[in-house]
Amino acid sequence: MIKYPINFKLNGQLVSVEAPATINLLTLLRDYLNITSPKFGCEQGNCGACTVILDGEAVNSCLVLALTVNGRAVTTVEGLGTPEDPHPLQVAFTEHYGAQCGYCTPGMIMASKALLDKNPHPTREEVVEGIVGNICRCTGYNKIVESVLAAAEMAR
Amino acid sequence: MKNVKYFVPATLTEALQLLEEYGPDISVLAGGTDLVRDMNLEFKIPQNIMWIGHLQLEYIKEEADLLRIGGATRMQTAASSLAVKEKAAALAKAAGKMASPPVRSLATLAGNLCTASPAADPGCAMVGLRAEVVLSSTRGQRVVPLDQFFLAPNETVRRPEELLTEIQIKPTGEREGSAYIKIGRRQAMTLAVINTTSRVKLDGAGKVESVAIAIGAAAPTLLRIRPAEAMLTGQALTEEAILEAAEIASKEIRPIDDVHGTIWYRRKAAKVLVARTLREAAKLNGGG
Amino acid sequence: MADYKYVGKRLPRYDGMQHALAKTRYVNDLRYPDMLHMKVWRSPLISAKILNIDTSKAEVLPGVVAVVTHKQVPHNRYGAGDYPVLADEEIRYLGQEVVAVAAVDVDTAMEAVSLIQVDLEERTPLLDPFKAMEPDSIQLSPIGNFIKFDGNPYRQILKGDFESAIQEADFVVEGYYRTAAQEHCPIETQVSICQTDGMGRTHINTVTQAVFFNQGTIAAILKKPRSKVHMIGGVLGGGFGAKNDPHADHIAAVVSLYTGGRPVKWLWTREEEFVASTHRGAMHMFFKDGVMKDGRIIARSVRSIRDGGAYILTNDYVVAKHAFGVAGPYNIPNVKVISYGLLTNKRPTSSMRGFGLFQASFAFEVQMDRIAKTIGVDPWRLRFINAVHDGDTSATRAVLHNCALIEVMQAAAGRAGIRLDEELLHMASHSREEV
Amino acid sequence: MARQRGTGIAAVWYPTGMSGGGDPSQAMIKMQPDGSVDVLIGSVDIGEGARSVMRQIAAEELGVPIELVNVTLVDTDSSPLDTGTFASRVTHQTGNAVIQAAQEARQVLFEVAAGQLGVEPQQLTLQDGMVVVRDFPEQAIPIADVADYAVWTERRLIAGRGSFGWAPVKVDPETGEGEPLHNMAYGATVAEVEVDTETGEVKVLKLVSAYDCGKAINPLLVEGQIDGGAAGGLGSALLEELHPYYPTLDHYPTGFFSYMLPTAKDVPALDAVVVEMNSISGPYGAKGIGEMTANSQAPAIINAIYDAIGVWITDLPATPEKILRALEAG
C-alpha cells in the first residue's frame, strides 16, 4: 500500500505521519492519530459530527482527503480546553444544556468556534447559519444556539 | 485496497502535463466534496489523484466587461464576493445555497460544474448567467459556453487532459439583473427539488433586450429554456408575458420521479420559480 | 420538605462538561489490540427463497479470520421466536443479513463479502398491509400475516355501546389518517465490539438502550447462561428506539465464538441504518365519532392497521399500547377500537419515540380539529369540555389520577399569548365531584 | 405570491412505563469509607440524563453533597437489572428504586451512627452532610466519619437495594378492560406556520409546548426533552418519509441527503413550559415525559396548515406536493 508523508499542525503541535491516498481526514485523525473527538455519523458530508477546523474554516473532515492537510493546520476539540481550563464554549454548552447524548457536540463546538473566530458577536440567525451543517437529533438546537450566544457574551 | 497514487504538481503547467499523461486514469482534487464522498462510499476509487488546491486557481477578477473567476474558487468565496453579488447576483445566491457552510468552505465552482449534477445550485446560476468556461490543456485553452458543456449527469465535454481553470461571466450591466431561486426539501443542506435562474436585460423602452432562463433538476442536464427566451425577447416584461414564459418552461422540462420530488410537482414548481426569478431579475439588481 | 436541596434544581448534566470536552468515550472510540472488523452479506432482493450459500472463496481470502452463516449460530431464532439471527431458509426483507465475515480490516472484510455467492429464488414481495389482510394474500409466516394478541388477530378495546351511541349523535365525523414510516437516525450508528474469552465468556461493548433485555436475548442465541454474557454499555449517541432490539450485538457475539479470542468490531454504515435497521412502521387509522351539538363526544370508533415489517419483534406491544391510548385524553363513554399489526416484506418495525401513541396522537388531535370545524365549536373549547378529569375512567375502564390536560392547555395558550375565555381559564383537572 | 399564516393546537397524553407493567428497574447504593456514594443502576443514559437525575435523587435521599455521588455506567457484572431506557420509564421506575436503595443504605448508616452516639437509629436524621440527633443539633457526626467507622471498626457494609415496577397487568382479551397504562402525563402544543400557496412550502414560525411531568427532578433536562421532541415532531410533520412511493420501496432514501431531518434552520425558536401537577406513584411526584414530547407537534402543525389554507393534510409528512394537490382539489 503506497503511503505518503503528511506533516501538519494538529492542535498547535507539528505531527508527522504516513498515510495512503485512500483515506479521509476523519480516518487519519481517529485511526492513525487516536484523536476520537470527531465522530463518524454518515461519511456522506451530511451530518457534521466529524467537523474540525482546517486553516480557520469549519470543514467536514470526512470530505477532506487526508494527504491534503500536509502543511496546514487542523484544530479539534482536544485542542480547545482542558477540564481545568475549559474554553468558554465548553463552559456554556455545559451550563446551558447544549449537549444531551453528546455525540454531535464535538462537531457543534468546532463549527461554533469557527463562527466565533470570524464573528465574535453573532446574532441568533448568524449562529443558526453557523451550525446549520451540524445535525442534532436530541436537543432541537434551541439550547445549542443559546450556549453559543452565551459563550460569545462570556468572551466580551 | 487498491494502491492509489497521489500527485502534487508544483505548477499549473506540470498539472496539465500530468493530465495529458494519465487522462481518464487521474482524478483532479480541489474541493474534494464529491470525489472523497464517492471514495468513502466505495462508489469510485480512482487510480491516481492530483491535488491542485495550491495552484492559485481561486481568484475573482473584474475586467471591463468580463468577470473572471478561477476554477478553484470556493462556494463561500463566490457567495460573499461583492463583485459577484453585484455583477452576477444569481451566482452569489446559488453558491450560498449549496449544501452547508463546511461544505461551502471546501467545494469549488469547477468541481461542481465537472460533477455535472442536473440539480447543481451554482451550475444552474452559471448556465442562467450565460457563463463560459476555460478548459486548459498542454495544447492551450478553449472557451466553451456552459449550455454546451453538460452532456449527461457526471458527463461533460471536458476532455480527460483538460482542466477547467476559469469561469467567465459577462457582468450584468445597465438595466440588467439576475436571480436564482431554489426549492429544497428543507430550509438548508438540501439538494434542489427544482431550481431556476433568470437573467434579464431591458432596453430603454422597457422591452426585453436579452433574457436567459435556466432550470435544474428538470432534465438529465441543466436546461436553458430557449422557446420561453425567444418568446420574451423584444416584448415588454408584463405579468402576462412572465406567466406565459413560465407556462412554456413548465412544458419544456423533462423531469423524473425520484426520492426528492415527482414529475407532477417539478412541473408545477418550475412554473412558479420561472415567474419569480423573472420578476426578481427584472428589478435590475445588476447596476441597473 | 417543600424545598429540596437537589431535587427540582436546574443542575448541569453529570456528564455535561465531559461531552463538551469530547472526553465521553463511545463504543466506536474504543480500540483493542488484534481487533478484527466485520461486514455482512445483505440480501439484494426483497423476498426470496435461499437455495445455496457458497462462502468458499471468502474463507480462503488472506486476512479473513471467520465466515459465519446460520449453521454456526447455536440457536438461530430470537424476537418472538420467528426472527433468524442470520437468514437460513428465506429472505423476508431487502438487506437482511445472511453471512457475517470478520477480517483484519474493513477493506478485507468487504472484499470477502464480495466473494460470497448466495443463490436466491426471487418471490413476489408483499408490501401493502391492506393486501396482507386479504384471505388469499401471500402468507409471510407459518401462522399467517396477522400479529396475535392473546390469540386474537387484533387488539380490541370496547367500552359502553358504540353502535347505539353513534345513532344518538347530532353529528358523525369521520377521518382517515396515515403516519409515515420513519427512521430513528441517531447520529451514532449501530456498533458493537464482542470478544469471547478462553473460558467461553462473551464480553460485549454495546450501544443498546436495554442492556439486560439484550443480555437475555443473546444468552439464548449463544445457548449460555446470562452470567456468561457480560455486557458493558451506558453511553450511546442517541437511541430514539433504534437501539432496543439487537442489531449488531447478537451477530457480532456469534462471530466472536469463531475468532480464537480476538475481539471483533461491527460498525454499521449510515446506509445500513436506512436499509436494514428497525424503523417506525407506517400506520393507517380510520376514525368515526359521534358528537353532540354542544361538543360532547359520546362515541368514538377507531380501526387501525400497522405496516409491521418482516418479523413480529415489538409489533404486538406497539399496536396494543396504540389501542389502549388512541381514544385520546377525552372522557368518551362509548369507545370501540380494533387495531391490527400486519407482517409485510419490509425491514422489521419496532419501537420509535412515541411507540404507537405518536401515530394515535396525530390522528385523534387532527380529528378533534375536524370535529370542531364540522360542528362549529372553538378547537380549544372542544378539548376543554371533553378533557379527562381525576376519577374518570379510560377506554379500558382504568380510573385516572393526576390528570393535567386542562392545565397544560392553559399553560401552552398562556405562553403563546392566546387569550382563552374565562370559563376555560377557570377549569381544572381535579375530580368532577370536587366543587 | 401568496404566503398564508395559521395557528394550530394539539393536546396529548402518554403513560409512564411499558403498557401492561412488568417492567422492573433495580438499583443498588454503596457508601465508600470517605462517605462518597456509588449508585449502581441498570438504565443506560441515551441522552435524556438518567445518570444526572439519579444522582440528584440519591444525593437528596442520603443528604450527601452531590459532588460525592457517582452514578455508574451499566455493566452486567455489577449493575442490577433494568428493563431498558424507553417508554418514559427511567425517572419513575429507576428513581423509585434508587429511593428504596438510598433509604435502606441510610438505615444501615443510622444503625452505625446510633452506636457511635449512643442513641436509637430512629432518633437520627441527616442535615448538611451530618448525621444529627433530632432535636439535639449539637449531637452530630459527619457522614464521612460514620462511613469510615463502619468500614474499619464496625465492619458493616453501608449499602442498599431497591427495585420498582408495576406488576404485570392482565387485560381482558376481548374488551381490553384493565389498567395497562399507568401514571398518564399530558402535553399541549401551539404551532404557527406560514404556507407558500404557490410552491406548497411550509415554514414553522413558532412552537410553544407545555408538558406536565408531575414534578421536575431537573427542569433544565425536562426542557431539553420538550425542545428535542419539538424538533422530532416537526420532522414527522413535514420532512420524514422512508417510503416516498408508499407502499412500495421505490426510491427509498439511503442517507441524510435523501432522508430529511430538521436542521437548525428548520426548527424555530422553541418555547418549553414545564408544568408540575403531581403523580401519586412517582419519585417526589414525578411522571415520565421523555417518550411523549414528540407527539403533540405534528397534529398542531397540520391543524395550523388547515387554519392557514383550509385543507386537511392527513397523510404525513405534509410535503409541498401534498399541499399543492390538496389546494387544487379545493
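Should a chain be cited, it is by its letter among A, B, C and D, assigned in written order, with residues numbered from 1 in that chain.
In the analysis below, a residue touches a chain if its C-beta (ideal position, glycine included) is under 8 Å from a C-beta of that chain, and two chains touch if they have at least 3 such contacts.
Since the model is a prediction, treat every value here as computed from it, not as a measurement.
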> Computing the C-alpha centre of each chain, which chain sits at the greatest distance from chain B?
Replying inline: D
> Pick the pair with more C-beta contacts: A-C or B-D?
Replying inline: A-C
> What chain sits nearest the middle when you go by CA atom centres?
Replying inline: C
> So, what's the distance in Å between the C-alpha centres of chain C and chain A?
Replying inline: 32
> How big is the gap, in whole Å, between where the Cα atoms of chain B centre and where those of chain C centre?
Replying inline: 43
> Distance-wise, how many Å sit between the C-alpha centres of chain B and chain D, to the nearest whole number?
Replying inline: 48
> So how far apart, in whole Å, are chain A and chain D when each is placed at the average of its C-alpha atoms?
Replying inline: 29
> Tell me, which residues of chain D touch at least two other chains?
Replying inline: 45-47, 49, 220-221, 229, 232, 252-253, 255-257, 261, 263-265
> Which residues belonging to chain C are in contact with no fewer than two other chains?
Replying inline: 12-13, 15, 185, 236-240, 270-271
> Of all residues in chain A, which are in touch with two or more distinct other chains?
Replying inline: 42-44, 46-47, 97, 100-102, 129, 132-133, 135-138
>> Touching residues of chain B toward chain D in the complex: what are they?
In response: 183, 185-191, 193, 257-262, 264-265, 268-269, 272-273, 276
> So in the complex, which bits of chain A are touching chain B?
Replying inline: 1-2, 4, 20-22, 24, 43-46, 48, 51, 57-60, 62-65, 67-68, 70, 111, 129-130, 132-133
> For chain B, which residues are in contact with chain A within the complex?
Replying inline: 1-6, 8, 29, 32-33, 35-37, 39-41, 45, 49, 51, 53, 76, 99-103, 105-106, 188-189
> Once bound in the complex, which stretches of chain A touch chain D?
Replying inline: 42, 44, 46-47, 97, 100-102, 124, 128-129, 131-145
> Where on chain D is chain C touching in the complex?
Replying inline: 7-15, 18-20, 42, 44-47, 49, 51-52, 55-57, 59-60, 63, 66, 71-77, 79, 81-87, 171, 173-181, 183-190, 206, 208-212, 214-221, 229, 232, 235-236, 240-243, 246-249, 252-256, 259, 261, 271, 273, 275, 277-280, 284, 287, 291-292, 294-296, 298-300, 302-303, 306, 312, 314-317
